[in-house]
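Letters A, B, C, D, E and F name the chains as they come in the text, with residue numbers starting at 1 for each one.
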């Protein structure tokens, strides 16, 4: 029995609200239950120095969490003077995942930065961030096409992400904090729209895991992402 | 004529929504028109080292702005590794203002941190932050009383803040970004519930200002804060 | 009765000594009683990146305090690896105030940095810094004219600053440390040579303040700055 | 055909040399072909602050790369003043993996830090680091038992790691730099001695990957780790 | 012929002015010609963590240079967020030199920090700093004896320092900037009151130096320090 | 009697192993007994900004120590976010010493960085670093000549370094850690191939030292460097 009463293969209530920012070229407030991540896509001219002259654009992600997004207040990273290893790991993951579905040549001399800021956290912030980031990115690209800055959208496919885990010996989909903090195995799956995988991160938190367990988690992830892909299309519409 | 069409002494639409955070002991989303600041009050046991053993609590503020809260994306302070001088100035102001209406002895060995995070900015973020921070603080104190942690609320009065300025030679109340970025004189007034002043910051951005101009701004501030005090009481209920 | 025995409207002994640095284009050691601030104006070719190509120069201020300028030794900011919020706030204030009386177009592709280093502190360091900084700046501009680098001085007016406060319920001018650390209300006024105001910062340290109190402080500030303007002219001669 | 001429399921030449440090309680120079990682295990009394009073020890990892461990010189992280996101990600991974096979209660009030410094890099530094780190840790624990500091070794199992990838459409084991920098899919597998998995990280670098591809990589990893487990036992002997 | 017209074995005009700080327990403004270093000695209770419980005090030095102490403005270290290697090297040297003539057991549970801040630089700032620092330290210890905090001064001897160098093939004493920036060999000698040496730093800036050259520099240093020791005694009175 | 049983004028066993890095243009593992320093010379096109347009190249050194190179684990400088004063002091020394024997004009628009990383420390790491760095630099220059990048080697002479000290009142050569940590006087001599001196650093750790003592140390240094020069030539062959 899951703390939330959900079935093992049941996502939390998912909402992908768009146009939530007055200024960003694309934006999406991704809600996976009580986990709320505000994703904004900002288009800027120019690319990072090391990419100059290659005729390619860049897509990158930044991640942050409001200090009181969590049960107990965390320290503000800006005040501490550095981003934690966890933050940097998630930022790298977001950027890598999104770039796998963008034709950077088509994007041209532009950088799109997706800021994913966690307003409230209840487990699965990185997967909600990636799922919402794709919508924000997609909206920003549509805007560039609409404004005739680009002839065609450089987006080549969908990306969505969901967490799975082994909780009380049962494989379950989309862990909330109560599950996440007690799961034996914790995995994040980032999938492409065709069902193939873009990134897998699986960790045996308290014990190693078997092939069968892993296979069960992967099945759940595919199931979950199928729903997320639908929600994304509806939102990005 | 103001860009927004408002009368010179007219506030933007004000909303102070409470209980917007699942975890914080007190919270308020302060909206001054398109300026939206999320204020959360977090209660923690203990006080900063330099205050230990004095039988007093502490109230402090932190301030941040999401990178795309503004027209063009700003750099993330956590990524830059430091908070700007502006951010630190505002943080100090928020803490100072709130402490002026808290009986720190009554608060006891506790620190309340008010995080003011600007989700969207359209001018006047610091005044919206202070106005909302008081509501969040007030709610957190009420919670401590309700939970019988404190016998009585340590809040001794109200604090609200509003900006005023001289825009196209006319004194106006509650500047939005279009006005703020072109004002000749820019002032922030932080008032106590009895109409007296807690802090004044007035700057001649493009030229010095006269006594008469300053007096006009102060009159507008009192008018504006009277409305804000009402809204605070309604919100803090 | 003031700790120093001064009348309520009496400045400390003021000295603005010029040409105190062998190298700086302009310099002034500003003494407000026991508060001693060394102000040097350094002229460099070029402007900050964000100002390039606009045909304008730049004037900026930096502020520091020697570790043992105060009663008890403070930590060296260079050793701590960052400037405090207070230091940054004062730096921003110095730069802003001086720029309000400089024609940046006339200055051309040059940056003038005013370093204000507190050698000894006894209250009112920021106001002494601004008052001395104007003299140093003025001297540097005169030097540029003399050297035929500029045809005319880009200085368009005078700036002086003084602190006022409510000490033991009486409004007093030019607080020293003994007063400053116990004042109920603390205010800094930065005035233009014509008596108008460039910046006001007023804070109710221990309680809010009334309109009448504020008006009394402003009157004292005008009185004090009148003396400072004279002293500046004599020094800048 | 692999650049090195190896068979798809062939590891590079593996060497795990022990007692390579005069001072460390345990040490191992792990060589995976031309990738050389020096792993030292340092035992210190006490645990991090947040773990105090829980009767448990701590095992953590740090990772570094000499500036010229690579084809072109990289910047020294100590000189840059911060560790890259990649470094922090790897450090977290090393610590997490090792802790999964240590009984922290048995370790008692001690911290063991495994420093993994890459002397020379030719792909797969993190997997070589983990494989060598286990040997160093194991040696340090044996030393603690030998010195009668501990009654029994707190090590509960083996951990080894290897990279796999899809290179020119073929799944291959233990990528060197030539392969790694051109692989379509890149995965790191961290396995427990019983063949179960402790951590999986798989990334589609240039395209998503299918279930079949992933299954092939996992098979290769198991094969490779079986060899590594043997080599570890021989070394830790 | 030296640029200043001095004889090869002639010091610049030396002045060691004491009691120049209103607050410091000991202070000395050391002037070696146009090089002016303000040295303050601050006594604080307690010692650094690593020295606790050993019944010994600590003496340490900090060094800084005002941005416009030099011909062209240097960047403020506090603003840059770190002290240069040069600054740290000099700080370590000052502390080491002074500690060699202090009985730390006699000092007891106290730290004396000597801040050496260069107000104006014309070569030889580190040697002027050490020479003045001894006076400030000496004064602070005398104050502790006078105030009956200590029974006897913990100072066991004198320390003075002077630079020498080979300028246009001639060994000269006490280099000013014009010489220093063109010397072939540059050396700093820190001597004890009995003529023995506490520290020698000699560098062949543009070419190696011979035994004879070095011997000549050492002779000059002894000569110069003899004068400095006298001046110190007169100042420390 | 020395702890190691060596004669007072006896070096430790010296080994200068070359070609120890697969990638560096020149490399040398310098072993002074149990002190092992890996020196790599990396050639890069371009020079630091401040040297641009002068037709000269640059040679610089960086220094690091693996955390467990020493008896007890030291903190990783990269993790602490800054290099210690000691590290910076040594880096500056390495660069300065090497530049004294390089014709920077001949080197042209190139920077050679010598990384000196201490793998194991038993006293005298900076002198081993410099001695090995010269070999690595020499090899790198030979490589540039061989590859016809340069017509002739820009190396104009040899540089070697050794420590000496007064241990139990006897002058001894090449201190190991047991001696170094208890020496009364500690000196580092950096010599040119012709026997002249490039840099001398001598410190009275626990007491001042006399002219005779210093002369004895210098004699030992010359003796020791004569051996080191031979070993360098054999290695650089």
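Note that in this section contacts are C-beta pairs under 8 Å (C-beta built on N, C-alpha and C of every residue); 3 or more make two chains touch, one makes a residue touch a chain.
Predicted, not measured: the structure shown is a model, and the values here were computed from it.
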Minimum number of chain-to-chain contact steps, chain B to chain D: 2
On C-alpha atoms alone, could you tell me the rotation angle mapping chain A onto chain F? Nearest 5 degrees is fine. 120
Between chain C and chain E, two touching copies, which fits better, same or different residues at the interface, with half of the numbers shared as the threshold? same
Just give me the whole-number Å value for how far the CA centre of chain B lies from that of chain F. 58
Between chain C and chain A, distance of the C-alpha-averaged centres to the nearest whole Å: 50
Need the CA-centroid distance for the pair chain D / chain F, whole Å please. 33
Give me the residues of chain F that touch two or more other chains. 81-82
Complete ring sequence of chains beginning with chain A, oriented so that chain B follows: A, B, C, E, F, D
Which positions of chain F touch chain D when the two form their complex? 21-24, 27, 34, 38, 40, 42, 44, 62, 64, 66-73, 76-83, 87, 113, 115, 117, 119-120, 122
Residues of chain A defined as touching chain D within the complex: 82, 84-86, 88-89, 91-92, 96, 100, 187, 191-192, 194, 196-204, 206-211, 214, 218
